[in-house]
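Notes follow once the structure below has been shown.
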Amino acid sequence: MSKQSNRNSDFIKKVINYQSVLLLVLVGLIVFFGIMNTVFLKPKVIFNVIEIIGETLIMALPMTFIITTGGIDLSVGYILTLSAIVFGATLTSTGNLALAIAACILTGTAAGAFNGLIISRTRIPPLVCTLATMSLYRGIALIIAGDKTYTGFPDAFKLISTYRIGKIVPIQITYLAVFFIVFFILYNRSSLGRNLKAIGFNENAVIYAGVDTKKIKFWIYTACGTMCAMASLVYLGRLSAAKPSMGTDLNLEVITAVVLGGTSTMGGVGSMTGTLIGVLIIGVLRKGFTIMNLSGNIYNFVLGAILIVGLIAFALIEERKKTAKKGQK
Amino acid sequence: MEETNCVLDIQNITKRFPGVLALNNMCVSLHEGEVHAICGENGAGKSTLMKIITGVYMQDEGEIYLRGNLLKVKKPSDAYDQGIAIIFQETSLFPELTVLENLFMGHELKKKIAGIGILDYPAMRKKAYSIFDRLGMKVDLDKTVNSLGVATKQMVEIAKALTFDSSILILDEPTAALTSREVTTLFDTIKKLKSQGVSMLYISHRLEEIFTIADRVSVIRDGEYVNTSIVADVTKEKLVEWMVGRALGNLYPKENITLGGVVFEGKGIEQDGVLHGIDISLRKGEILGVAGLAGAGRTELALTLCGLAKPDGGQLFLEGKEIKLENYRDALELGIVYISEDRQKFGLVIDMTLKENITLPLLYRISGAFGIIDRRQENAITKQYMKSLSIKAPDGDFRTDNLSGGNQQKVSVAKALAAKPKILILDEPTRGVDVGAKAEIHHIIGNLAKEGLSIIMISSDLPEVLGMSDRVLVMKFGEKKGELMRDELSQEKILLMAL
Amino acid sequence: MKKFLSLILAMAMVTSLAACSSTPTVTTTKATAAGEATTAATTAGKTGSGTGTEYGPKDAKYKVGVVPKFVAEDYFIAAERGFAKAADELGIRVTWVGDTMAQCSAQNQKNYIQSFIDQGYDAILVSALDPSSYADTLKEARDAGIKVITWDADVETDARDFFVNQAEGDMIAIKLLQGLAGDLSSYTKDKQATVALVSTTTDSPNQNAWLAAIQKEYDSKKDTDYAHIKLLTDVTYAGNDQGQADTAIKALLSKDKEIVGIIALSSNTVPAVASSREQLNLGEIKIVGVSVPESSRKDLEAGKMSAVVLWQPFDLGYLTLYVTSAVLNGKAPSGTAFVSPLSGTNMTTSFMDGTTPVLYPAEGHKIMENNVVILGEPIVWNLKNIDRFRGYPNADSGMSEFLK
Amino acid sequence: MENKKKFEVAKLATREVVLAIIVIIFIIFLSIFTNFNTSSGLFSFMLDVAPMIVGAIAMSLVILTGNIDISAGTIIGFVGYTAGSLAEMGYSIIVFAPAAILVGTLLAGLNGIISVKFKVPSIVVTLAMAKVHLGFYATFLPNAGWVENLTDNFTWFGFARIFNIIPYNFVVAVVVSIFFVLFMKYTKFSKKIYAVGGKRQAAIYAGINPDMTVIKTYFLEGFLLGIAGILLFTKSNEIMPSASYGREMVFITAAVVGGISIIGGRGKIIGAVIGTVLVYLMQVAMIYLGYQDYYQYALQGIIILIAVYITVTKFNKFKKKPAKFLKGGQTT
């Protein structure tokens, strides 16, 4: 009986509380900005949020995988930069779009695989490894691009992020939805997702269950690289200039979104939906403040504050959960 | 003789853990300058008692008196300050720090220079050297601990305890990790200390040791105090009787069944410094008990048999064919399944639900395209085993860390069975499990064997070994000491082999 | 409970910090307000705070959004004041929004532009961080009938209606080289003076344009006017971060002992060059640069620099809004010149003698092909005319004889 | 077995020495092939490396406790702003330095408190804090905290030099380094830092309070960041707080290269100092050898990987095999 109730409270605490509070925050923000400036509620404007968050979401999905295993990838931003540069360079030199895209995806994947290789095969902690590769990839991007800025991409290509269904709904929504659903299913329904969480909680136990955790780690970092490459394409569709200084601030943006979504850097606990909401909150904040003609600085301030408060709230909830459990015993 | 100056008096200590009554009004008293051995089987509550004395745990009831006045310890450092020091089983040293730093961690000696207190290394060195002299050994104080051998670590632990100038020393299974030669040095040390007036509680279930160094011995069993006696007045047999003397009765529902042929065989299994040329064979429907003391290499043997640890030599045969195990997955595929003795660390992901734990090893079997888990199948499996093993939990979505030790153990069994094993290797299946649940688990094991499953059961719980095994393999220091058939089984025989 | 306590403690700390770090601020801004009381630019009360700011009447006919490269930096503050002044005169509602230098990015600029489009502004005035990143967005704006005017830094020509350029690149180049040539007049053809070029980042369009112009100018006169100067071909990119710039320049100076003159191309690099020179006690090295005079005031006063080159960013903003209003009212600049209230007025006094006024040509601001309006000649600033610089963040200098 | 270990220990012990040798070779190399060894070269090197050294020490302390501080850079920004604006109001270094250092201390301490009290991983807290700080400058400080045209009452310290070659701030850095090398050897607190970062449970057995230790360490870090900030900004007469966002990565890199284990509990302060010098030398070398400074990023990345690989492979040895791990010491 007590366990029954315990379970319910557990259930409530875990599922209802955090993510739905987050959802409330999101709705609250939308309402708030809507009141501040009704323009914000125009479909075209609200949909523009989707456009803004495109890259972030695409990278946040695999990042949720990684953080769930207790790892982290600081290099995503620069993987994006590097793939973008490679895309630009290939396109300008060969003029072959297909080739350029292939090169871009390949680069991202390779970069991710390199992370994965180091992290799964050596004992170098993910934080340090990706810290190193971060500047490595940045360096490579700079060496390739030098003082060049690659521009003049074909309009057909730009459509991947500029086309609007019925002049209103941005095309992003289609593939973002697909990506999300795929990752959501993998995370919540597949053996992979199950193993990821288990690794996050107790890697030994997973090894003792006959699972090759190294392989899993390798693949999630690789996948992350690939997704970064895709993100870079979406990014370039939106801002048609590939230069080494682009996308540098995306690192923390992505991690922030995931953590805000309630995925614990300690590993094990996580939520894809949370990540989605987290990214949306970021997008709404950005859009909302710009619509209020306020600069990105306030956005940073508020985002940081929300994150800290959110974490503290999360921590307190966890705390109560524990005490509740003790009570039962 | 309770009147003789008693330095430490433990009265009616009771300690409960979730699902287990670890200690039930325990009473022990330690006299000035004596070595008082406390012995009992694994899980009898020895270590718990020590942790209470040194403030790692708080007792639920009862008091401890130090030289007549009530002893209050909230955290280990309090105990140290009171002159009580413990050498923990799991080493409490900092591998990355030097011996010197370790010796004085938390209570460094200081001196004032121009009013500022700074660490006084010369003084610490001096003290350290004098202590190691007392212990009659040399250790390079500037080496990092992780560069030392186990024995030396053990010595450093003791030295660390002595830096507190403690008059009471508690040694918790100090020899568990030591080779016989190292043991003798340790004993010399203990004798020295004793001659210097240090009183010691010596925890062990190695009877030989008790007879060599202890003055008095107290026996505890299942958290209950059994008896105390001057060592000279007891015999090994007597002690063993005290240790295991419990109504075996229906605790061990083992039916004699006709065994099939040999299904699983290991020849000359080697692992450097751990296992020495062990031959092991298992017949269909047989329960092979593996007895021996902690550190005898039983778990290592198990790990090598299921591909979790790499053997340095030897061959494995399953149903006559030689098999090579690269990793545990291979073993799983072949139907060799291992249940770890350490549920928390290797057995379960306790933060996850029952269902998730049970299906963890066979996800790849019950998941379809893109590894999507077939939930119906998953639930079915969970239900099936929850029922057949009668796991007491509302349903499969219940988190395992809310389960009692017994039920947790059942979950790990369920986990193993769900993998459809041919060979089942159980490591300490009933450790930390209360007597009731023990019986249940034994039932389960019995039935499994009846259904034709071949089982290797490692256990330090002698009655369990006796009760359940068709055949017992006894190990000591990584070697196979011998095999006993069910009809010739007796605790004494096993102990005499193992000790 | 303990948690909540420490939470409160945390909050207390933040506020205490806010207090202790903003006390000086308060006082300075007070001073500012006092100083500016008379001037139009007072409207720019909140100048510098990273948040957006609005100028001009609320009920204005036209709403105009301005996106600078970055905010809270002398050059753009001056420009902001110019916009403010013009906004009041023309009765145009101006919204000014951007990020600080450390966080500015094409992506953010795009967002601001997008939101102006969403809010149905009448015109968008951009100083572009790079020419092509959001060209499409601007085109989109133009398709929506919104006027797009770039100022200070241009975008792809088909993405905007007009570009208000501060000065012709080669004019800046000439001024810089002349300035330095003057300072290094002691050198001769046989005993040449080595001069190094320091720019910010590899991908900043303005600087790159000027670099090209300087090279061109130098090559054209290397045997006559600049015979006594040896211009190093490889450029040092010092970046925007003070510390980084510092290091790079110091390394450059210690690497090449020959250097006696430096041409620095941005408001961030000039002070960096000056300070590294000071750190190394290389007083004899001459510096000219494109820089806000105020940023180099101390160096000018201390005689460590003889001059910096710049136009009046205040006037640039001012003119830009006038061009905008012309465009909005269908009187888009055409022909060879565009007449604004500035035309024929005193730009400042020239630095040659500090008295002769330099006037904006009365016939108007030059109009070049591709709808480029040129503000005027760049000015060489020195102690004699530094106070004529308009729109300093913390002073009303220069405003007094504005439009005299 | 035993011998093998001894051998590794020998390597570990001389790790810092090896680094030092690399540094020296580096310097000699530069001096021969470039003008690095000229007074100005050495001077500017010392001038610029000084703040980085202090910062790296600060970061090392935090990392040793098994935590990290992503907001170190932005904290330094605050320090600079406080110092600058006070100096602008005419206060001398006696006033603005302590004030600025206090700000640094409080901010870092705040990180520590939140991360410990609410059991939030420090990397996340400080990451969020960095954003808050950035927003704070731009939103609440005039001109986004940009202070310029600072007079000699601010800059004299940065420019002052001994024997016309050694900058004051380098002297400070050296003093701080020496102090902390001694601090880590001769104080109880330093031992606690190692204990908490190394083996939390054992630390508790030894009667150490991990939470307090971590919080105190953060305050200490803040104090050092304060000093670093002063050393950094008094070099120039202009302060742009937001520009110091990102310096934390330099600190972390330097610490890690210097052999401070990111998992905590392992590494020497002297290592961090040498690491800083090495990392910084790489940057300058690129310029002296006439490369665009962007080769430096790639090189830096590779260097970190190698450095950490050497440390970590040994460090985690005893965790390697489940089998061994399972039984702790008892498998011998």
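As written, the chains take the letters A, B, C and D, and residue 1 is the first residue of each chain.
Keep this in mind: a contact is a pair of C-beta atoms (placed from the backbone, for glycine too) under 8 Å apart; a residue touches a chain by one contact, two chains touch by 3 or more.
Here the structure is a predicted model, which means the values were calculated and not measured.
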item: Chain B-chain D separation of Cα centroids, rounded to whole Å; value: 44
item: Distance from the mean Cα position of chain C to that of chain A, given in whole angstrom; value: 37
item: Separation of mean Cα positions, chain D and chain A [Å, integer]; value: 29
item: Where chain B touches two or more other chains at once, by residue number; value: 308, 340, 345-346
item: Multi-partner residues of chain C (each touching 2 or more other chains); value: 3, 7, 50-51, 71, 99-100, 103, 202, 237
item: Residues within chain A bordering two or more other chains; value: 146, 204, 207-208, 244, 295, 297-298, 300, 312, 315-316, 319
item: Chain contact graph, described as a line, ring, star, complete graph or other shape; value: other
item: Contact pairs between chains, per stated definition; value: A-B, A-C, A-D, B-D, C-D
item: Residues on chain C engaged by chain D in the complex (per definition of touch); value: 2-3, 6-7, 9-10, 13-14, 16-18, 20-22, 24-25, 27-29, 47-51, 71-74, 77, 99-103, 202, 234, 237, 240-243, 246-248, 250-257, 271-272, 275-276, 278-280, 282, 294-295, 297-298, 393
item: Of all residues in chain A, those that touch chain B in their complex; value: 3-4, 6-7, 10, 185-186, 189-192, 194-195, 197-198, 201-202, 204-212, 268, 325, 328-329
item: Chain B residues touching chain A - in the complex, by the definition given at the top; value: 18, 308, 327-329, 331-332, 338, 340, 345-352, 356, 359-361, 363-364, 367, 370-373, 375, 393-394, 397-399, 402, 415
item: Chain D partner contacts - residues on chain B that touch it in the complex; value: 56, 75-78, 80, 88, 90-97, 101, 105-108, 110, 118-119, 121, 143-144, 146-147, 149-150, 153, 176-177, 179, 273-274, 294-295, 297, 299-300, 303-304, 308-309, 340, 342, 345-346
item: List of chain D residues in touch with chain C within their complex; value: 34-36, 38, 40-41, 43-44, 47-48, 78, 81-82, 85-86, 88-89, 99, 102-103, 106-107, 109-110, 113-114, 117-118, 134-144, 146, 148-151, 155, 158-159, 167, 232, 235-240, 242-245, 247, 283-284, 287-288, 290, 292-293
